[in-house]
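Look for subunit A in each of the two complexes below; its partner is subunit B in the first and subunit C in the second.
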Partner chain A sequence: MSTLIEAKGLSKSYGSHQALKSVDFKVERGRIVGLVGPNGAGKTTILKAILGLTSYEGDLTVLGMNPERQRHQIMQKVSFIADVAVLPGWLKVANALEFVTEVHPNFNLERAKYFLGKTNISMDAKVKQLSKGMVAQLHLALVMSIEAELLVLDEPTLGLDILYRKEFYNQLLTEFFDEGRSILVTTHQIEEIENLLTDLIFIRDGNIVLNATMDEVTNDYIEVMVSKDNIAQAEALNPVMSRDVFGRKVYLFQGVSREQLEVLGELHSPSVADLFVAKMKEGK
Partner chain B sequence: MTTITWNDQQPIFRQLKEKVIELIIDGEVSDGEAVPSVRQVAADYQINPLTVSKAYQELVDESILEKRRGLGMFVTESAREHLIESEKKHFLEVEWPKILERIERLGMNLQSLVNNNTSTGEDK
Partner chain C sequence: MNSFKALVKREYWENRGSIFLSPAIIAAVLAAIMILGTITGDTFVETHHGEINLWDKFPQAVEEFNNIEEEKRTQAIQISLYAPRILFGFVMMLICLFYCLGSLYDERKDKSILFWKSLPVSDTATVLSKFVSVCFMIPIVYFAVVAAFQVFLLVYGTVLAWFGGSLGVNVWTSSNLFGVLFNSLFSFVVATLWLAPLWAWFMFASAWAKKVAFLWGTLPIFMVAIAEGWIFRSSHFIEMVGERVARGFTTLNSDMHFLVGKDMFDEHYVAKWYEVLGESGFWIGLIVAAGFLAGAIYTRRYRDES
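== the complex of A and B ==
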């Protein structure tokens, strides 16, 4: 089975507010998928639905199962790091390891000890004595020691300094990710992980506004810095967006061939952050 | 490998490929030597492993790298020689004509440029 998550017409309402408006998407095995959207766009609702933490309408399959009805089975193959630290402050590191060993059949205690051995975290330390970065390391050690097929990360590096953030993704790449597993990640620090991603999903007001592989994004979206003489020509090609840089216009095009654009100026691939801004402003 | 600043004009896999070629030409990585694993390179540069695989695969297709089963990826025995040959060819066919054109456009004389260089060399 190569599809780990499949959503069709996934919807969710909180009272009269429609948080998700019938979205479709897939996550295949061996991919690192970035789920990006402004606050309140529906990211967390999608993650909660996948983890079986909320009810929803529409079809959602995770590892071939239904998250609402088969949450227990799914969670044996899925691990999760939330932006809100969930480990209680009074808990000792050693107790945390014991706890996960008991509740999780696919937890590898030796592996967790090995990961923690590479950090400055002592087994006797209580969670409240650890720095924010160390708590993140502890979380990471725990989830990487679960033989999961899907890892869901919700703002995993929020509030961490750059050294910890780099180390976090470094660990994931060397010790966890392989072609049999997938990672679904939401983050506001998109520029830090854009080169890590294989797929990109943008969500806005409960709708998916972009869902593509990074290769497709690179082929489909091109930025051109256009000199004054070529502005009319550029406008005629229906750019998605334009912005001013040093008194020159930078246009973003979608689905226009490189040959057509090359005559207008130097071509660039937009950063995911620039693309995000464009997609969030589109039609507004 | 040293840090790389990626530019946004070329796909990262191509920039990585060129970086490896550069390292081989400069002799930083020798013929027959192992290159770091896909996983290691991905972690070092925080890029997707597929990107690294794509760069390595193109180098394999061009016989610059070879896969040894169970051991990883290695520089082929005559990689450096071949690369230098093809770089020379590229210089003569693509880069040199452009330089020549620029020299002429600026109204400089090729012969005197060469003489000038040699004479300053002799002065030392």
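== the complex of A and C ==
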């Protein structure tokens, strides 16, 4: 396994506001990493630093290169979709294919045509004539036809309806992702991607508050539905969070053994969304 | 190199309306007016003798045309060929101005800059492709449209000659068409290159502007002029800018100036395109342009809008 992204002491300030407070993380090859955090937590700043779109302090290497100085070379191996709306309205589909073919050494035109053939997008259409979902399909077709080692997605499905959102991630998984590549994705709709992810990074106020593989998360965090009689016992084990569900208490534990918890009630793996809420509330 | 060509092509796709369709439509409308005007002309022309029939006058007119000296005829035909360049040149300069102001601003406004930046194209190549588009691609397209219109004028003249009972061969032999085309092409390109410092400045303003790129491009010019007048009681800066713009137009139309007897423009301001190439002002302009372009490249590369 090789490391695609490595950040050490990555920091960024906008005036007096510290958007990133010296964060460390790695993205290994063959992983799908979810970068999750509330608005303004620093997600987009991290992505921009990786893509060479902003200055930063600290060490950051992407595919062994420095994104501030070697942006141009990095972009031959890195693709990104920032938002569904970024394809310009005047661009014709056929021209988009022609342009990317000519400027991108790792673009496979046949593949792009194959992907577009599965949609209702006409080659003569301009982007402004397409629906939002179709623009996303077009963008995805272009990006999946690039032999990239790293794909960065920043809220790629924002504003799309549910059918397109599901299809978007399904296609990525079946047609693009393999052990040679990695995907780094940020989204507000965590439920949609939690089954895709292999790694999870939570970020809050410019700090990383969780950085683990999904396996570690499932082993480490356990949710227990506790009946009324066992509440005192459960509270004694220092739950990370508790919530009420239909008159019963659900506790989230970190690092407590299954044997200890089994006697309290039914065990579940927490959803990423619940874990996220817990982590964002922690210490507040 | 391939990718640079693709970048210039992209500029054409995005601005096809102003770069190609505008002059093409103007040419088509002019041609239509001329054709319709000729066909229906006899019903409009009235003199104090009463209504006259234009068609009846053709043989007389053509005979007169055939009888004038070769030199005068060449002059008359070439003037009519060069004349459209005044109009098309003016339209082109306006198009270039708005092209430059939008060149690095529109992509930020519609957020497509993030798509362009997701491709392995450097900011230097992108900005230079836009500069090459304004200094070469736009004038060459305008030249081509004007060339087509010039050929139309000759065909039109030939057909008139036919109605007047002549073969119209001298319309072509006196036209020096290839010389006219050659001079047109270089006049268009050299005139836009002469204005390069202005284009580069507008591109820099376009990269810099947060809103209303037009104001960012034009207001500083006036502010510098006002500041100079206030502090030094002089107006060198605005005179320099004015002269630059004026010389752009005179360079574009110098052929016309020399044909009509050198009284179209002030003698001091007019030179043939190859003479302009030999002037230090031309090359200093390109150096100034390089400075503004460097600013535009730097701004596009390191601007962080979040």
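Convention: the second predicted complex is superposed on the first by the 282 of 284 C-alpha atoms of A that agree within 3 Å, B and C clash if a C-alpha of one lies under 4 Å from a C-alpha of the other, contacts with A are read in each partner's own complex, and residues count from 1 in each chain.
Rule of thumb we're sticking to: a residue touches a chain if its C-beta (ideal position, glycine included) is under 8 Å from a C-beta of that chain, and two chains touch if they have at least 3 such contacts.
Values in this document were obtained by computation on a predicted structure and should not be read as measured data.
After superposition on the shared chain, subunit A has more residues touched by C, the comparison being subunit B against subunit C.
Look at A:55: by the touch rule set out above, it reaches subunit C but stays clear of subunit B.
Legend: residue contacts after superposition of the two complexes on their common chain; A:214 is shown touching subunit B, with no touch to subunit C.
Look at A:17: by the touch rule set out above, it reaches neither subunit B nor subunit C. Of the two partner chains, subunit B is the only one that A:173 touches; subunit C does not reach it. Legend: residue contacts after superposition of the two complexes on their common chain; A:86 is shown touching subunit C, with no touch to subunit B.
Residues of subunit A that touch subunit B in their complex: 32, 166, 169-170, 173-174, 177, 192-193, 195-198, 214, 218, 223, 266-271.
Note for the complex: subunit A touches subunit C at residues 14, 44-45, 48, 51, 53-55, 71-73, 75-76, 79-83, 85-92, 95, 98-100, 102-105, 139, 143. Partner subunit A is touched in their complex by these residues of subunit C: 2-3, 5-7, 9-10, 13-14, 107, 110-115, 117-122, 302, 304, 306.
For subunit B in complex with subunit A, the touching residues are 6, 8-9, 11-12, 39-40, 42-51.
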